[in-house]
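In the two assemblies presented below, chain A is common to both, partnered first by chain B and then by chain C.
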Partner chain A sequence: MPLRWPAPSTMRWLILATLLVFWELMPRTKIVPELFLPSLSKTLAVLYSDRLEYVEALGVTLYEVAIAMLFACGAGILMGALGGGVALLRNLLLPVFSSLYAVPIVILYPIFTAWLGVGSESKIAFAGVYGFFPVMLSTAAGIRTIDPQYVLAARSMGATLSQQITRVVIPASIPTVLTGLRLGGALTIIGVVVAEMLTSAAGIGYLVTRYRTILDSPRVFAAILMILVLSVMFDVLARGLERRTLAWQTAGRRPRRSREIMQAVPAGAPA
Partner chain B sequence: MTRTQIILTRLVLLGLVVATWELLPRLGFVNPRLLPPLSDVLTMLGQLLGRAQVQEAIWVTAAEVIVAFMIAVPLGAAIGVLIAENDYVGDIFRPMLFYVFSIPKSIFLPMFILIFGIGFGQKVAYAAFSTTFVVIMSAAAAVESVKADHILVARSYGATRGQILTRVYVPSMLPVLLETLRISMIFNFTGVMIAEMYASRTGIGHLIANWGENFQMRQLFAGVILLAVVAILFNEAVRYLESRCSTWRA
Partner chain C sequence: MQHMASLTRLHEVAEPTAIEVARLSHVYAGPEGGVPALEDISMKVAAGRFVVIVGPSGCGKTSLLMMLAGLRHQTEGTILCNERPINRPDPARVGVVFQEASLFPWLSAVDNIEFPLALRGMPKEERRRHAEAMLRLVGLEGFGGRYPHELSGGMKQRVSIARGLVQDPPVLLMDEPFAALDEQTRMTMGHELLRIWSTTRKTVVFITHSLTEAVYLADEVLVMSARPGRIIDRIPVTLPRPRTYEMMATDTFGRLRDRIWQQIRKTTQPGLA
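Up next is the complex of A and B:
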C-alpha cells in the first residue's frame, strides 16, 4: 500500500485541530469577515477579559439546568418505567405520547413566559418539558428490553414480587436509567439555552442574543464556545459514568452502531 | 383490553382534557386571561384562519419547511450512506456524531443571521443545518439495517450491483427510510419554528412569539393548537405508511 491512512482516532483529532486552525486563520486572512466569524484568539481574549460576566451567566444557566434536569429525569424515568412496565398503561398511553412527540415543543415557550415571566421559572418549566418526553420514551423502551427470562428464572426459584423488583428489574434497568439521565441532561441544557436565547434577562443564551443584536461578534462567539464546551463536557462525563457502571454488562459487546445510537436517542434533540 | 376498549378509554381521556380546559377557566379556578376556555380558543382559531396576514404566514412557514426538508434529506442521506458503507469514514465520524447530538444547534442561529440576514434564506439554512445531522444518523442506520446475509445470497445467485440495490437494499431499507423522513420532519419543523421565533418578520413562529409577548393568550393558544395538529397529522400519516411497509418485513 503506497499510502497508509492514520488511525480513525488520530484523524478525529486532526480534523478538530484543522477546524481550530481555520477558525483562527480564516478571519485573520480576511477570507471570512470578522463580523461573521471572529478569530479564535480574539474570542478567547474577550472571554478572558469579560470572565466575570460569563461566569455569572454560566451560574444562572447551570442552576436552571440542574432544576430542570431534576424534573425531566425524575418524572421521565418514573413515568417511563411505569409506562414500559405496566401493560395497561403501555397500550393505552405510550402511543399517545409518541404522537405528541411530533409537536415542536418550542412553540409552548411563549405560553411559559406569559404564565411564569421571563425569569428562571419559565426556563426551568420549558426545559423540564423539553427533556421529559424523550427521557420517558427511552426509559419505556429500555425497560421493555429487560430479558423476561430473568424475571421468569427468579420467579421459578421462588422470588417474591418485591425481590423480583429489587434484585432483577432494578439492576437490569440501570443502563436504561443512565441513558435516560444522559439524554435528559443534554436535552435540558439545550432547552435552557434555547429558552434563554428567545426571551430572558440572564444566562449564557441571553448573552448570545444580547451581543448579537449589537453585532458584537467576538462576545457572541465567546458565549457559543462556552455552551459548546459545556454540552460536550456533560456528554463526556455522562458517558464516562455509564461506561464505569456498565463495564460488566457490556463487556465483549461490539461497539455501538448507528442504529443503537438512534434508539438510545429516540429522535434525539431537535433544536 | 381489546382494541375498541383502548380507543374508547383514549377518547374518554381526551374528553376529560377538553372538559378540564373548558371548565377550569369558566368556573373561575384559573384566570381566563392566563388560560382562555377551549371554546374561545377554537373560535379564535377560526377567525385567525380567515385573516390574510395569518394565511400569508402559513404559506411562508410551509415553504420554508419544504425547501429546508428538500435540502437536508438528500444531503444528510448521502453523508449517512458514506458513513455506513465506508468503514474508515464511519470510524472517524460516528463517535463525533454522538457529541453533535448533545450540542444545542440553536447557538449557531446568530451566525446564520449575520450571514444570511433575517429572511427566507436564513430560516431555510438554519432548519436544514439542524436537520442534516439526524438524517445522517438515520440514513446510516437504514443502510446498516440491511442484512449482510441477504446481500451474500443475492450475490451468490449472481445478482448485479444494480439488482442488489433495487431488490435487496431498497426493500429492506424502506421502513427505516420512512422513519428517517418522519423524524427529520420533526427536527425540520422545530428548526423553522425556532428560527422564526428567534428573529423574523413573518411566519407562524413569528406570530406565536409576538402573541406571547403581547399577552394575547387566545391567539397564542390557537396558534399552538394549529401547529400541534398539523405536526401530529403528518407524523401519524407517515407512521401509518411505516406500519404498512413493515408488515411483510420479517
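Up next is the complex of A and C:
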C-alpha cells in the first residue's frame, strides 16, 4: 500500500502534538534553559496549583474583553453604517478614520490611565477604541460595495427605502461586517491584554508582567497559555458563527459556474 | 379554416395598447451640459405582443427599459402603461428581469421568487403557493430550496423570470436576460421563454444584442440608432408561431436577420451606408 499523507485536519493535530512534545522535551533535555522555556508539565503544574489566582485573573480579563467588544462592535457597526450609507458622512468621516487606523493607538494608553485610572475602565476604553476601527471600516466597506444591481432589483419589485435597507443592504453586507467583527474582536483581546501588561493590578496580562519581573518563568508561561487558549477559542467561535450565518455563500460571494456547481446539478435538470 | 380566420380578425380588432411611449427624450447630466441618451422615442406595444429592441452598445436601450419600469425619470415625454402613466416602479403592472446575478444570493430560489410578495406583506402560506406555481411554470419544480450559487446560469434566469412574473403583471421587461449564457443554453432558454409567454399571454419588451434571438422571439423588432438613441426601423416578424428551430434555416429568417444587421451597420458606421 502506497504511503499517503494524512488529511489536513489530522495533520493540524499532529503538528500541535509535535509542538507540545517539543515544549516538554527541549527544557528537560537542557537544550533550552528552564528560565527561557519551562517544560509543559511544569507550566501545567503551576497553573493547577495556582488555579484560584489564574481563574480570578481570567475573570477580570474576560469581563474587560466583553464590555470592550460590546463597545467596539456596537459603535463600529453604527458609525460604519452611517459612514457607508450617507455620502456626506462618508466624505467627512472615512478618510479621518482610515488614517487614524494606521496610528499605533497604544501611545494613547497612558492618557487613558491618566483619565480613567489603572482599573478596568482604562483597559475597556483602550481595547474598545482599538477594536472599533476594523469593525467600523469593514461595515462601511460592506455597505459601499453592495452590488447596485441588488438594490435596483428590489426597487423594481416595489421595495420602499426601509425595505431596501432591511431586506437588501443588511443581508448583503453581513459577510463583510462579520469579517470585521472577527478582526475587531481579536484586536479587542489583544488590546485588553496589552493594556493589562502595561499598567494594571489585575487580569492575565498583569500576571505575565508581574511574574516576568520576578523571573518566575513557569507562571509567566501559564498565563501565556491561558491567553493563547482564550484567543483560539474566540476565533473558533467567531468562525463557527460566520459559517452558520453564511451557509448561502459556501461557494463564494458571487460564484461563476464552476465544476462544483455543475456537479451539484443532477443529470436531466433543466438548463 | 373559418375558425382560424375569425381568430385572426379577433386578434386585429381587440388589441388594447399595453405600452405607449410618446416623444420621450432623455439627457444625462454630465460635465459640459449633458449627454443626450435618448431622442424622440415613440412606440406603441399592443397587449400580448413580444417586442424586441436591438441597437448598438450604449445607444440607450437599458435607459429606456429603466424608464418603462419606472426606475428612472425621462427628461421629456410620457409613458403610459395600460393607459396610466408610469412614475415609479409598480410591480403589479410591470415585472422586470435583469441580466444574470440580480437574484439575492442569501435567499433560496423560492424565497427569491416570494420576495416581491413578501414586500407587500402577503402571508407566508399564500406566498409559497404562488412561488411553487411559478417554479412549475418555469420548469424548476423541486429546485426551490437551492441557493443561487447551487443553480446553473440557465436555472438562475428561470428563477429571475419566475420572480418577474409572480405578481402576474401584464407587462414583462427583460434586459439582455440571456446575455451571460452559453449559446446552447441560450437557445433553449429562448424557446422556454416563448413557451412561458404563450401560456401567460404577457406583453414582453425584450432587449438583446443577438440578431438570431431577436428574429426568433419577436413579433416586431425595433432597431435603435447609435447614441442618442432613436428608433430607426420597425421590422414585423412574419414567421408563424409556434416558432421552431428549423425556421432559423429559412430564407425569411435570413432576410429579417440581414435587414436588422444592415440597419445597425448603417448607424454605427455611417460611411459604409
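Please note the rule applied: the second predicted complex is superposed on the first by the 239 of 271 C-alpha atoms of A that agree within 3 Å, B and C clash if a C-alpha of one lies under 4 Å from a C-alpha of the other, contacts with A are read in each partner's own complex, and residues count from 1 in each chain.
By our rule, contacts are C-beta pairs under 8 Å (C-beta built on N, C-alpha and C of every residue); 3 or more make two chains touch, one makes a residue touch a chain.
On a predicted model such as this, the values are computed, not experimentally measured, just so you know.
Look at A:Val168: by the touch rule set out above, it reaches chain C but stays clear of chain B. Residue contacts after overlaying the shared chain place A:Val103 against chain B, while chain C stays out of touching range. Of the two partner chains, neither chain B nor chain C is touched by A:Ala66. Legend: residue contacts after superposition of the two complexes on their common chain; A:Val21 is shown touching neither chain B nor chain C. Using the contact criterion defined above for the overlaid structures, shared-chain residue A:Met157 touches chain C, although it does not reach chain B. In the superposition on chain A, A:Thr113 makes contact with chain B only, while chain C stays out of contact range. By the touch criterion defined above, A:Leu241 reaches neither chain B nor chain C. Residues 257, 261-262, 265, 269-271 of chain A lie at the contact with chain B in one complex and at the contact with chain C in the other.
On chain C, the positions that touch chain A within their shared complex are 69, 71, 89-92, 96, 98-99, 101-102, 104-108, 115-116, 118-120, 139-140, 143, 147, 149-155, 158, 163, 184-185, 188-189, 192. Those residues of chain A lying in contact with chain C across their complex are 147, 149-150, 152-160, 163, 167-168, 171-172, 174, 248-255, 257, 261-262, 264-265, 269-271.
Across the complex, chain B meets chain A through its residues 1, 6, 9-10, 34, 80, 83-84, 88, 91-92, 94-99, 101-111, 113-115, 130, 134, 137-138, 140-141, 144-145, 182-183, 186-187, 189-191, 193-194, 197-198, 205, 208-209, 211-213, 215, 217, 220-221, 223-224, 227-228, 231-232, 234-236. Per the touch definition, chain A reaches chain B in the complex via residues 5, 8, 11-12, 15, 35-37, 88, 91-92, 96, 99-111, 113-115, 186, 189-190, 193-194, 197-199, 205, 208-209, 212, 215, 217, 220, 223-224, 227-228, 231-232, 234-235, 239, 257-259, 261-262, 265, 267-271.
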